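These notes concern the structure reproduced below.
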Amino acid sequence: MAVEPEMTYPSLRQGLWAIFKRDLVIAFRQRSDLVNSLFFFIMVITLFPLGVGPEPEILSRIGPGVLWIAALLSTLLSVDSLFRQDYEDGSLEILLLSPQPLFIIVLGKIMAHWCITAVPLILVSPLLGVMLFLDAETIGVLIVTLLLGTPVLSMISAIGAALTVGLRKGGVLIAVIALPLYVPVLIFGTSAVEAASMSLVFSGQLAYLAALAIFSITLAPFAIAAGLRISVSG
Amino acid sequence: MNPKRKQRLIIVLGIVAGVSAAATFMGVALQENINLYFSPTDVAAGKAPLNKRIRVGGLVVAGSLKRGEQLDVTFDVTDSVESLTVQYDGILPDLFREGQGIIANGKLIESGVVVADEVLAKHDEEYMPPEVQDSLDKAKAQGKYSADL
Amino acid sequence: MLETGVESQLISPLLEAKSLLCERDDRVLFEELSFAITAGDITQVEGPNGSGKTTLIRILCGLSSAYEGQLSWRGRPMSQCREQFCQQHIYFGHLTGIKAPLSAEENLRWMAQCRGSSLKGLALDNAVDQALAKVGLHGFEDAPVYTLSAGQKRRVALARLFLEPVALWVLDEPFTAIDRNGVAELESIIEQHAKQGGAVVLTTHHELSIDPSHLKVIRLGDAREGL
Amino acid sequence: MFETIKLYYHKFGTPKYFYDLTSKMLPWLIGFTVVLLVPGVILGLGFAPMDEEQGHSYRIMFIHVPAASVAMSAYVMMALAGAIGLIWKMKMAEIVAKCCAPIGASFALLCLLTGSIWGKPTWGTWWVWDARLTSMLVLFFLFMGVIALNNAFESAQSAAKATALLSIVGVVNLPIIKYSVEWWNTLHQTASIKVTEGASMPAEMLTPLLMCIFGFYFLFSVLVVVASRAEVLEREQRSKWVKQLVMVE
């Protein structure tokens, strides 16, 4: 009878926390990633008044949609580096060979990514909302929808990032893969804000967004983990 | 319980909890009557704010359409309980007919009067869906064969 | 350190491969490849470029599932004991997995945590310091890795081998970017690991100065296994 | 019973068996396609009665509806085949899944084009952001995503796995997308219940429509089979049976 070294089972929380902390520390040491996607978000939004005209009427009408689409694009832009840096320096292989379940590691990485890219964006959105002539209540609802919706965006785009991490031309491909899947989030997000701006009840849309968020947080990590294994083993 | 089983149990419980929470929210959302516009009853009950861009919807009351000197029109919209008046200055959509469902975007200037900047007619056509059965059923119900998709 | 491995080495092999077959887009890299790695073995995978050395290494360490045949770890099929296997081997590939913005110490710490190491807090700090001292990086613990030279980065990665006793080392070209002294050091480290009852699988283009009688060879390229 | 199913499943999963079987099936499939589609289209486009409201323009329905139906089914089939390939490592399923994508995308495109042509006389515009139009457009995008991903990989094995995963994710999302788009579009509609004036589709219209739908399904299966056979030959070009086949012919 062979004596085996005892298997130590680290708690799932410990694995999640370790990778989350690592990614946050790295992001704060290389601030460019953090700042770039935020500035992209701000600049896209400031382009709209220049493109469609500065009339408050028009801007307040398209404002929620503009903010949402800018959020969506900046998520898409930043997600390419989510696994690519790890893939290029080899730490993705180490993560894949961890005894921890891969989906937990993936979840930790995406949580860190969300904190780095989505949170600053949500924090500046009230300011941009004011620049687009949205009223206070609308801005409040907008922030709630972004809070619920951006995790879904992160999860969906991470699936694209996982599948394309081994490929040289990742960026555009992620967009082609992920954009069609963004449709429901965009619809429910903008619709809630629009309803709020008309003083209609919007709790229904928020409930849909919450359902999408929980659903994607629960199941997407498994798809992302499978995608990473396919990309790395290929 | 051995640690591996325990870990698996936690994962399975997590998935079950997540999926059922999502389902619960979905259920809440479906219960919630998502109003995309104010009905004349809502407006009569004072739910719609004054002087704010809102959306109202209902059926055009037969015989209520009055055309002004130029493009301006007024008509009444009802949900068969209450009704309100819509003033509009612009070209009505092709599908606009009396008895037809419409949506108007605009401002409520006084109780029961909406100044619309946009009037949308409900798509009269019932579209034929890709699924055969569905399309046939609808065509049956409609009695005509209309633009699909 | 590895006393647990000593008993098992006499009884059953650590890693066993039975009739492995790997096809890469209609080209058979190897087929009917069978071998066993027992504790104390140093096994070198040999073959010309493109013969599938790295592919075999990636299959052995569990990164690639593009194979047919059976792999087992301590007598159990690999699919049933992935966690144990992951905890009891270290893979060291072409890419080191070292994060440049982090310090050497931080790098080793997250690697240990990621492996689900039982070391925590002070014990982990000590283990990290000792491992770094072992690869000659004493005094460089807190410097961000991007300030180190390529060889030093490689050493940071190698320090991972000393964090905790691990049964199997899977090394793919471990001698890249390491100076002559370093190579000799690494070779003696590998031999020592084998002597203590560990096992090593490696590929290298470098002529090993390890005693050939201790060295097992898996030869790829002529489609049949050596051993 | 179960064992025999398993046996046949594995047998069918081998490229050679698939090739032999489809050699026998293909004439039948083509036969059914022709028998259904030719009279279906002729009857539909030429002889079915004119619609009282839309005149002749409704006739495009005989192409449009089947195309939409087949495009949807193609996506589901692609995901199913992909899942089988991913889980049981069945090569044949991977090949079929790969072949479904461009064919399904073509049908979705055909559906969008015919819809647009139909929209012009009916709505007076080439495009309407209608729920069904929009969800068909999204379906087309999903197909394009799968095709793009498949082309991006150099290794056919990884490509098959990656696209299988993507199409499974897409299938999970398909109902959510469809539902949300439909719900989004109800903005343009009132909640009023339409009063229906009974009267059903006359048999002269229904018959050609059904013939066209089934004909399109057979057409789809013919296309998938032909494409898969070509793919099988290319992948297995080094195997003995393909060499023999080439020698004989």
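Per-chain numbering from 1; labels A, B, C and D assigned in written order.
FYI, contacts are C-beta pairs under 8 Å (C-beta built on N, C-alpha and C of every residue); 3 or more make two chains touch, one makes a residue touch a chain.
A quick note: this is a predicted structure, and the numbers were derived from the prediction, not measured.
Student: I need the common contact partners of subunit A and subunit C, sorted by label.
Tutor: Touches both subunit A and subunit C: D.
Student: In terms of C-beta pairs in contact, which of C-D and A-B ranks higher?
Tutor: Result: the pair with more contacts is A-B.
Student: Any idea how many Å lie between the Cα centroids of subunit B and subunit C?
Tutor: 63
Student: Can you compute the centre-to-centre distance for subunit A and subunit B, using the mean CA position of each chain? Integer Å is fine.
Tutor: 31
Student: Between subunit C and subunit D, what's the gap in Å when you average each chain's C-alpha atoms?
Tutor: 49
Student: Among the residues of subunit A, which ones contact at least 2 other chains?
Tutor: Expected reply: 7, 9, 191, 208, 212, 219, 233-234.
Student: Touching at least two other chains at once: which residues of subunit B meet that condition?
Tutor: Residues 4, 34, 36.
Student: At which residue positions does subunit D touch at least two other chains?
Tutor: 155, 157, 183
Student: Report the residues of subunit A in contact with subunit D in the complex, numbered from low to high.
Tutor: Those residues of subunit A that touch subunit D are 159, 163-164, 166-167, 169, 173, 176-177, 179-181, 183-184, 187-188, 191, 208, 212, 219, 223, 226-227, 230-231, 233-234.
Student: In the complex of these two chains, what residues of subunit A are touching subunit B?
Tutor: Answer in residue numbers: 7, 9, 12, 61, 101, 191, 195, 197-201, 203-205, 207-208, 210-212, 214-215, 217-219.
Student: Spell out the residues on subunit C that touch subunit A in their complex, using ranges where they run on.
Tutor: Contact set of subunit C toward subunit A: 4-5, 7-8, 11-12, 58, 61-66, 74-75, 82-84, 86-88, 91, 93-102, 106, 110-111, 113-118, 144, 167.
Student: Which residues of subunit A touch subunit C in the complex?
Tutor: Touch list, subunit A to subunit C: 1-5, 7-10, 14-15, 18-19, 21-22, 25-26, 29-30, 88-100, 105, 229, 232-234.
Student: With touch defined as at the start, can you tell me which subunit C residues reach subunit D in the complex?
Tutor: Going by the criterion above, the answer is residues 24-26, 66.
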